[in-house]
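Shown below is the structure under consideration.
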Amino acid sequence: MTKIADTAADAVANISDGSTVLMGGFGDAGQPMELIEALLESGAKDLTVVNNNAGQADAGLALLIKERRVNKIICSFPRQSDSWHFDEAYRAGEIELELVPQGNLAERLRAAGAGIGAFFTPTGYGTRLAEGKEVREINGRNYVLEYPIHGDVALIKAFQADEKGNLVYRKTARNFGPVMATAAKQTIAQVEEILPTGTLDPENIVTTSIYTDVMVAIQTQSTELAARERAQGAK
Amino acid sequence: MTKIADTAADAVANISDGSTVLMGGFGDAGQPMELIEALLESGAKDLTVVNNNAGQADAGLALLIKERRVNKIICSFPRQSDSWHFDEAYRAGEIELELVPQGNLAERLRAAGAGIGAFFTPTGYGTRLAEGKEVREINGRNYVLEYPIHGDVALIKAFQADEKGNLVYRKTARNFGPVMATAAKQTIAQVEEILPTGTLDPENIVTTSIYTDVMVAIQTQSTELAARERAQGAK
Amino acid sequence: MLRSEKVDRNTLAQLVADDIEAGSFVNLGIGQPTLVSNYLTSEHDVTLHTENGMLGMGRAAEESEVDIDLINAGKVPVTETPGAAFFHQADSFAIMRGGHLDVCVLGAFQVSATGDLANWHTGAEDAIPAVGGAMDLAIGAKRVYVMMNLFTRDGDIKLVPEATYPLTGVGCVSRLYTDHGIFELSDSGTVEVLALFGLSFEELSSKSDIHFVDATSK
Amino acid sequence: MLRSEKVDRNTLAQLVADDIEAGSFVNLGIGQPTLVSNYLTSEHDVTLHTENGMLGMGRAAEESEVDIDLINAGKVPVTETPGAAFFHQADSFAIMRGGHLDVCVLGAFQVSATGDLANWHTGAEDAIPAVGGAMDLAIGAKRVYVMMNLFTRDGDIKLVPEATYPLTGVGCVSRLYTDHGIFELSDSGTVEVLALFGLSFEELSSKSDIHFVDATSK
């Protein structure tokens, strides 16, 4: 059953030291910024974080890394023009990096959610990211064996929820949210608004309520942008 | 690019003898009955068919089997009260059966569409359906290695399409359609109606146009049922 | 729990329903397990999953409501509840295989002391085999409940040291609900007897080589 | 095709666009490949994929159109076209890995005669590595086109018998588009020279041990 938290702080209150935290978002799109800030405030440390990137500028995940609260990061693209906090921690040897091709990252998260024990993927075969991994030729093609990535917690940003915990997303902000929601023991979602159950069309729900453990309503720029789009559509 | 066929016969015209044909549907829901009837008319033979069931009563897949046009069927639940044509062909040794647990069937089709070479699934471990298959213990749990099921053709039933080939489904008739559409070289969809491109909400598309090769508009009872539902909703 | 008479199917369904926590996500197998839905009240706030692609399944459809596109895993027309959601087969079985269902309730031919389940095949070599989602259900849910009669018509006990029928899943049954008692199973093979109906602990013990522990007074 | 002068990036982008069949589904990598979109006309009827979760991506957003929830793989705000669709990361990379894209266009540091691609890492051991979707793109599309300059600033040819940079993918590049020529690659390691720009076949052959076949008159 999905709980509704009053604040982001309440939503993340039971994330303990040493947790593996899956964080949605590709760049800023779909990044649960308010939940990450609340996690920073909470003081939880020794975290393993799974995200596509390794934080940007002086916000969210970047600040968690700056404060040395992240022992290890599993991501596909840590190095960006504004990833200075990660760069510094990495060069100082104070954060472990597991670099995973983006599609293998998504598929390993999906495998965790879908109960798959391991899978053979062609991505990365013959590269240094497959070094030491089991490989196999199947029907003339070469594959690398990859294992699921399970999270203790997933922090995601969706667009709308119903009171039951069904979620829909907005545009490319969907990215990792739906797969991470399936891969964690506890999924915490920030959403723009929580609507009465029965409002969302059963055909269009992306994350079903079975995956949503906690949600909190926090309006962000996404609400304004959706309103702008509706206004333009109505012209 | 998605082609629009005028008739079901045109849509299935290039299915050749010996093809592996993925057929959507769980019972009657989502079964592309008119496409299967057209395939029967076409005379294509020596087929391998992948479907959840093995045909019911005297229609569709059951008739293909009656006419001995199916050499092999890959399915999860062939035996039903009205599967007499399959039962007879099977007892006569005139059809090969590969029995696959329903979730492994779905996952093997998904793997084919997603470029996964093989995967370890817990389903079926220790049963006679895993006999002769590679097994492995991973993190204390036992798994069976399963391989993708690729189709030459997928025949599916969706609800609405746009002219570009994006598809949405209706209720539990969705079942195998979206995964089979990804797993075949050529996907042929029968839909209730084809709407102008831009009509379907980009957030709600279930099968994207990249997977739809041919579609044909055929109204079935689904159209009436949707109209009834709209009328009730408007009360 | 002790009762002097064996219980009927409806009473047993009520007992299963009583053991399902409020707010659970549940899959009820075809046959006897379907009866459980009659005893799930609104207080249970249970969300039903059907493996052909839906969460939030409602009751069976009345004649005027029948919709060929809205059926359950037994191909029976059903209804949808507010907050329902539809998804495709791979997503539906990911819910099961991924361990996201709280409870599934299944029927069985035999259950072993270590929780092996046999419910898809009688072992008759001339039978046409059919498995459907049985093996996925068996290994999927956090708790797997089985409902069956404790004895065959011939009086043989169906809770056995080792299954003789072809298996559906290994070590997967959590709890067994029968007309003559309720049993908690574990990997150890020691079976905790939670309830007995019209059967004494001694009678039970005499029927089987299984090591039973009497927990009926708990 | 022979031209007396080397071609600029825009001309090369035009040549790539000319080779994309009408109705194709295409992914354009970050950097030089993005230029190709300027030469895809409505006649091409190309549908652009962006791996962060969209088919039917439109042009870059103008300032008044910027939407933080609608970006491409380079994190640049973009627009959507009619018939666009959004999906999650696992579905997006299934499109790539599953071989459903007709063409993807990538940049490169080096390409080998057998189509090995090196485009994610310079090999400098102190560099912070980042790969993103490069390895998925490399192995995913039916045809993988690479755009790059044929020579380094130091004059070394970047189409090599064997790559010295860390690989992105093995034997994955179909065709190489450069300022000095266009090359069709295959598993055999024999390279078909489809076009030369400001470079003779003899000059090219003298720069490398690769076995080139002159197909410029085709």
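Letters are used for the chains, namely A, B, C and D, taken in the order the chains are written, and counting of residues starts over at 1 for each.
One rule holds for everything that comes next: contacts are C-beta pairs under 8 Å (C-beta built on N, C-alpha and C of every residue); 3 or more make two chains touch, one makes a residue touch a chain.
Please read all numbers here as calculations on a predicted model, not as lab measurements.
Graph distance from subunit C to subunit D, where chains that touch are one step apart, equals 2. The interface holding more C-beta pairs in contact, when B-C is weighed against A-C, is B-C.
Distance between subunit A and subunit D, defined via averaged C-alpha coordinates, is recorded as 29 Å.
Our note on geometry: subunit B versus subunit D, Cα centroid distance of 35 Å, whole angstroms. Taken residue by residue, subunit A touches two or more other chains at 107, 110, 114-116, 121-122, 169-171, 202-203, whereas all remaining positions touch fewer. For subunit C, the set of residues touching two or more other chains reads 80, 86-87, 90, 93, 96-97, 140.
In terms of which chains touch, the assembly is arranged in some other way, matching none of the line, ring, star or all-to-all patterns. Touching pairs of chains, sorted by label, consist of A-B, A-C, A-D, B-C, B-D. Those residues of subunit A lying in contact with subunit C across their complex are 1, 110, 112-116, 162-164, 166, 182, 197-198, 200, 202-203, 205, 208-211.
Residue ranges of subunit C in contact with subunit B, taken from their complex: 50-54, 67-72, 75, 80, 86-90, 92-93, 96-97, 116, 121, 127-136, 139-140, 166-170. The part of subunit A that touches subunit B in the complex is made up of residues 107, 111, 114-122, 136, 138-139, 141, 143, 147, 168-171, 201-204.
For subunit B in complex with subunit C, the residues that touch the partner chain are 26-30, 52, 76-80, 86-87, 90-91, 97, 99-107, 109-110, 121-129, 142, 169-179, 206, 221-222, 225, 229. Partner subunit B is touched in their complex by these residues of subunit D: 22-23, 25, 45, 47, 49, 55-56, 80, 82-87, 90, 93-101, 140.
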